[in-house]
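Two complexes, one shared chain (subunit A), two partners (subunit B, subunit C).
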Partner chain A sequence: MQQNFKSSYNVHVVRILLTFVGMIIVGSLLRSLLLPSEFGDYGHYRPGAVTEEANREMRNKTNDSCLDCHYFVKKIHLKGVHEVVSCEVCHGAYSDHVKDGKVIGEMPVYRGEEIKSLCLRCHNKIIRARPPESIKMIAMPEHLEEKNVRTDHVCNQCHHVHAPYKWIKEAREMMGLPEKWEGGSSWKK
Partner chain B sequence: MEEITKIKKEIDLDRRGFIKKVLSGAIGGSLLLVMPATAREIAEQIPGMKEQTDLFIADKKFAFVVDITGCIGCGSCCIADKNEYQVPDGHYRTWVERYIIDDHDEVYVDSPNGGLDGYTEPRDDIKNPIRDTFFAPKLCNMCENPSCVQVCPVGATFRTEDGFILVDDKRCVGCSYCVQACPYSVRFINPVKHTAEKCTWCYHRVRQGMLPACVNVCPVHARKFGDLNDKSSEVYKLLHEPHVISVLKPDMGNKPSLHYLGLRREVI
Partner chain C sequence: MHEILATASGALGYVFPNDLHVHWSLMIVLYPYITGIVAGAFIVSSLYHVFHIKALKPLAKFSLLFAFAFLACATLPLMMHLGQPGRAMSMFLTPNPSSAMAGFGYIYTAYAFVLALEIFFIYRVHLVKRRQETTGWQHAMYTVFSMASDNLSERSLKLDRKIISFLAAIGIPMACVLHGYVGFIFGGVKANPLWATPLMPVIFLLSACVSGIAGIIVAYFLLRKIAGKSIDMDCVRTSIKFLWGFFIVDFTFEMLEIFSHGYMATAHWHTLHELLWGPLFNSYWVWQVMILSVIPFLLLGYVSIRKVSDSLLRIIAPVASVMILLQVLLMRWNVVIGGQLMSKSQRGSVDFQPHWFEKEGIFLSMVIMVLPIIILYVMGKVFPFWHDDNQSEV
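Presenting the complex of A and B:
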C-alpha cells in the first residue's frame, strides 16, 4: 500500500515537471515565431520601425525648394512681407507637384473670391483671438470703405499676393508719396 | 516658367544654333537661372542631421515650444500636417483650439474641423464681456513617461533612445488602449489602416535635417523646435531663462517635452 502510494506520487511530480518543460518549449517556439527577430534589442519594440518611420516620404519641402524653379516668383516673394508665409499653405504639397526634379502635377491656385477668404484666414480682425503684435489685421468691408472703393474688390486687386505692398508702394512712388516707405528697394514697410 | 519652354523650343528648333547662342552668351544668362533647379539639394534646417546614420539620433535632445501669445489661429500648421501625412478627414495629428474666457471665468472652447479651415466666424453666443481670448495649438507631448507606451500590449508604441514616441503600424493591433491612455488625446485609430496614429514631431523630416512641417510653415513663428543640448538654440534659452512657460497637465506626471509659452491655467 505504502509502496503504491509513493510511486504514484513520483509519477505526479514527473508529470508536472514534464508539463512545465513542454509549456516552456512551446511558449518559446511560439514567441520566436510571432516576434520579429530584432524585437527587444533596444526595448520592448521592433527597431525596424524606427528606420521605417525615418524613411517616410517627405511631402512638404520649403519655400526655397519652390523658388529653385519659380524664379519670377522668387524675385517678388523674397522682397515682400509675405516672405515668411509658406508657398505650400497657399498652394499645396511639393510632392503633389514635383517628383525627382520633374513636374508631375498641377498646383492649385486660388482665384477671385477664394483669394479673399484665403487672406482673411490670417488677417481677419473680427476673430478677436489674434494677438495684434503677431499680425496686422483688417475688418471687411471697412478696409475698402476707408479707401473709397467698391466693397466687392478682391484683395489681389490692390495687393500682390506674394508681396502685398509691391503695387501699393509702386503706386505711391508714382504719385510722389514715397516717404512712408522705409524698406529701400524691398516692398516691406 | 515661360523661360524654360522658350529655351526648350529653341533647342528643338536648332541644336547647333542653340549651342552657338549659348556660347555667345545670348541666352546663357537665362539658362543659368534654370540649371540649378534640379541639381541643388535643399539646405538642412537642423545642421548635422544628414550625417547621422545610426539607428537613433546622437547628442541631441529635441524640445518643442508653442507660443500661445503669438499664434494667430490661421491653421497653416494643420494644412501642412494634413498634406504631410494625408491624414483622413475628421482626424487630426495636430489641431488648433480657440479659447474664450469671459469675466465670470466661464471658458468657451471650440475647434471647427480642428482649425484646418481657419477661423472664419467670431463667437457671438457669449453674453458677458470677454476677459481673455487666444489660440492653443495641440500636438503630441512626447512625454518622458508616456502612458501610451505603458499600456500597449504588443510593443507597437515605444519611446526611442532619442526621445521620440513612435507607432509601429506593422505591430499595432488597433486595440485603442493607447488612445484612451493618452492624457492629451492626441491619438486616434486610422480608419483606413485600423492602427493607432499620432503626431511624431515629423520624425522623418527631423532625421533628414528638416524642421517638422508645422514649424516650417508657421508664419508668425509660434511653433519652435530645437535642440536642448545646444545652449545657443532658441528653445534652450526659452526653457533656461525666466519666461511664463509650462506644460499641459503637469500633475499627470507624464513629463512632456512639449512646452507652452504664455500658457493660461484654463488650457487643458
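Presenting the complex of A and C:
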C-alpha cells in the first residue's frame, strides 16, 4: 500500500527544528530591544538605577526640620519619652507639608478614636518583639481597667501624645503623690 | 509541651512581628501540588512508552494530555501570588544561573517543550488524518498542528517512533528534576527547620508520583463513566499496583524523616515537635497520616495482594485514589503552611485561616484547580484521549 505523499518523510521534524531556530532568533531580537543598554556592566545590577534612585525627590526629613518651625511642640516633645520618635511616624512625610520653604498642605492630626489605633500601632501588647524596657506594651481595654478609668477613654485624655508622662507627672505633683511611676519608667528629665 | 500563653487570637507564645502573617498561602500550596500531578502523570505515560508496561496502554496518551493540562496551569498560582505576571519573562531576558527560583522557570520551560513535542509525535497520525478530513478553520488548525506534513509512510512513522522513545526517555529524568526541584526550593530554605532537609526533594518527588497516578486513575474512572465507555480493569489493576508501590516508598520516607528528626533530637526538634503536636496535630497526624495515608495504604495493599473482584475494585480504586490525592494536598499544606506557622523566635506559633474571597483565597484556588480540567476538555476536542477512539496510532 505504498502511497505517494506530497511532503518528505522528515519534513515535520525539520519544521519543528526551524520553529525552534525562529523562536531563538525572535527571542534574541526581543531581548536586544527590551534590555537596557547598560545591563551587564555590573552583572544583574543596572548602573542607571543608582542615578535614578539618587535623583528621586526626598520625601522624609529629620525631626530638626520639623522642630525648626514648630517651636512650642519642640519644647514639649524633646522633654518626653517620645523624644526619640520621629515626627513623621505619626504625622506623615515632610514633603506633603512643606516644599521649597512654603507650606503646601496640612498634616494629619489624629483625634478621638483614631488616636487609639495610632498609639496601639507601637504599644499593642500583641507586637512582642520589643523588650518592655524600651517601650511600654499595653492591651486595650485592660490598661484602662487597671488604671480605674472609664473604658471609653482614649489615650490622649491622660497622656500628652508628645510627652506621654507630662500630665501624669504634673497631676502627681499637684496631688503630692510619689514621683516614681509604678510602671517602671519615670517622667524623663 | 510548654505552657502556651495565648496573647492574641492567632498567635501563641512569643512571635516576631514579621512572623505574624503567613505570606506563602494557598497559592504556594497549589504550586507544588499541580507540579506534582504533572510529574506523576508523566510517569504513568513513561511506564508504557519507555518501560513497556503493556497493561497501561489505555492510559498512555491520556496521561500525557493530563500532564500537559496541569503543566499549563502550574505557574499560575505563582503568578497569582507574586502579582506581577509581566515580569515572568525577565528570567529569559536576563537569565541568572545562580537564582534558585529562576532555575524552576528553565526546567519548567524545557519540560514543557519535551511534553508538547511528545504529544505532537504521538498524535501526528491523527492530526494528519484530521487535516485531510476537515475544511475551513479546522483544516487550518490541523495544518499548523501537523506542521503541514502529510507524510505517514512507514519510514516517517519509524522516525516518529524513534523520536517518541527518545523524548519519553529524557522526559523521565526531566519530570523527576521538575518536581524534585520544587522540593529543593523548599528544602533549600535553611532558616526553616521543617523544610530544610535534603530529603525534601525525594519526598516531594515520591508524593508527586503518587498524586499523578492517583489523579490519572480518578480521571480515568470519571471520564470513562461520563462517556459511557468500558473501564479496562487490567489497566486499573496495574496502575493501582504502581500507586501502592510508589505510596509505600513515599509514606515510609515521610515517616522516616519525622522519626529521624525525633530520634536524633536535632537542633530544632523541640520547635518541630511543638508544631506537629500543636497547630498541625489535626491536619498532620489525624488527617494526613492516620486517615488519608493508613486507610488507602491498607486498601491499596489489599487490592494489590488479594485477587479481588472487578466490582470491588471499581469502588476501592477511585476511593483510595481520591484519598491519596487529598493526602498529597494536605501534605503540601502541612509543609508549606506548617513551615510558616512557627516563629523564627522558636518560642511561638501563629494560626492560619484561609478566607473564601481574598486575593489568594479558597475560591481562587478552586478556580485554578478547575482550570486544568477545562483545558483538558478543550484539548480532548483535538486530541482524543483514549486509544479506542480511533485506530490510527503509532
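Everything that follows uses one rule, which is that the second predicted complex is superposed on the first by the 119 of 189 C-alpha atoms of A that agree within 3 Å, B and C clash if a C-alpha of one lies under 4 Å from a C-alpha of the other, contacts with A are read in each partner's own complex, and residues count from 1 in each chain.
Please note the rule applied: a contact is a pair of C-beta atoms (placed from the backbone, for glycine too) under 8 Å apart; a residue touches a chain by one contact, two chains touch by 3 or more.
None of these values were measured; they are calculated from a predicted model.
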item: First, second, both or neither for A:Cys69, with subunit B first and subunit C second; value: first
item: Partner with the higher number of touched subunit A residues, subunit C or subunit B; value: B
item: First, second, both or neither for A:Glu53, with subunit B first and subunit C second; value: first
item: Partner chain in contact with A:Ile126 - subunit B first, subunit C second, else both or neither; value: both
item: Which superposed partner A:His12 touches (first subunit B, second subunit C, both, neither); value: second
item: Partner chain in contact with A:Lys61 - subunit B first, subunit C second, else both or neither; value: first
item: Subunit B versus subunit C as contact partner of A:Gly27, first or second or both or neither; value: second
item: Shared subunit A surface residues [contacts with subunit B and with subunit C]; value: 39, 44, 126-129
item: Complex interface listing, subunit C residues touching subunit A; value: 7-8, 11, 14-17, 20, 92-94, 96, 117, 120, 124, 146-153, 155-156, 159, 163
item: Complex contacts: residues of subunit B adjacent to subunit A; value: 1, 3, 33-34, 36-38, 40, 42-43, 45, 55-56, 69-76, 79-80, 83-86, 98-100, 118-122, 130, 133-135, 155-161, 166-168, 170-171, 200, 203-205, 207-208, 210, 213, 216-217, 219-222
item: Subunit B-facing residues of subunit A, complex; value: 36, 39, 42-47, 49-62, 64-65, 68-72, 84-86, 88-89, 92-93, 96, 101-102, 117, 120-122, 124, 126-131, 133-135
item: Touching residues (chain side subunit A, partner subunit C) in the complex; value: 2-3, 5-13, 15-16, 27, 30-31, 34-35, 39, 44, 125-129
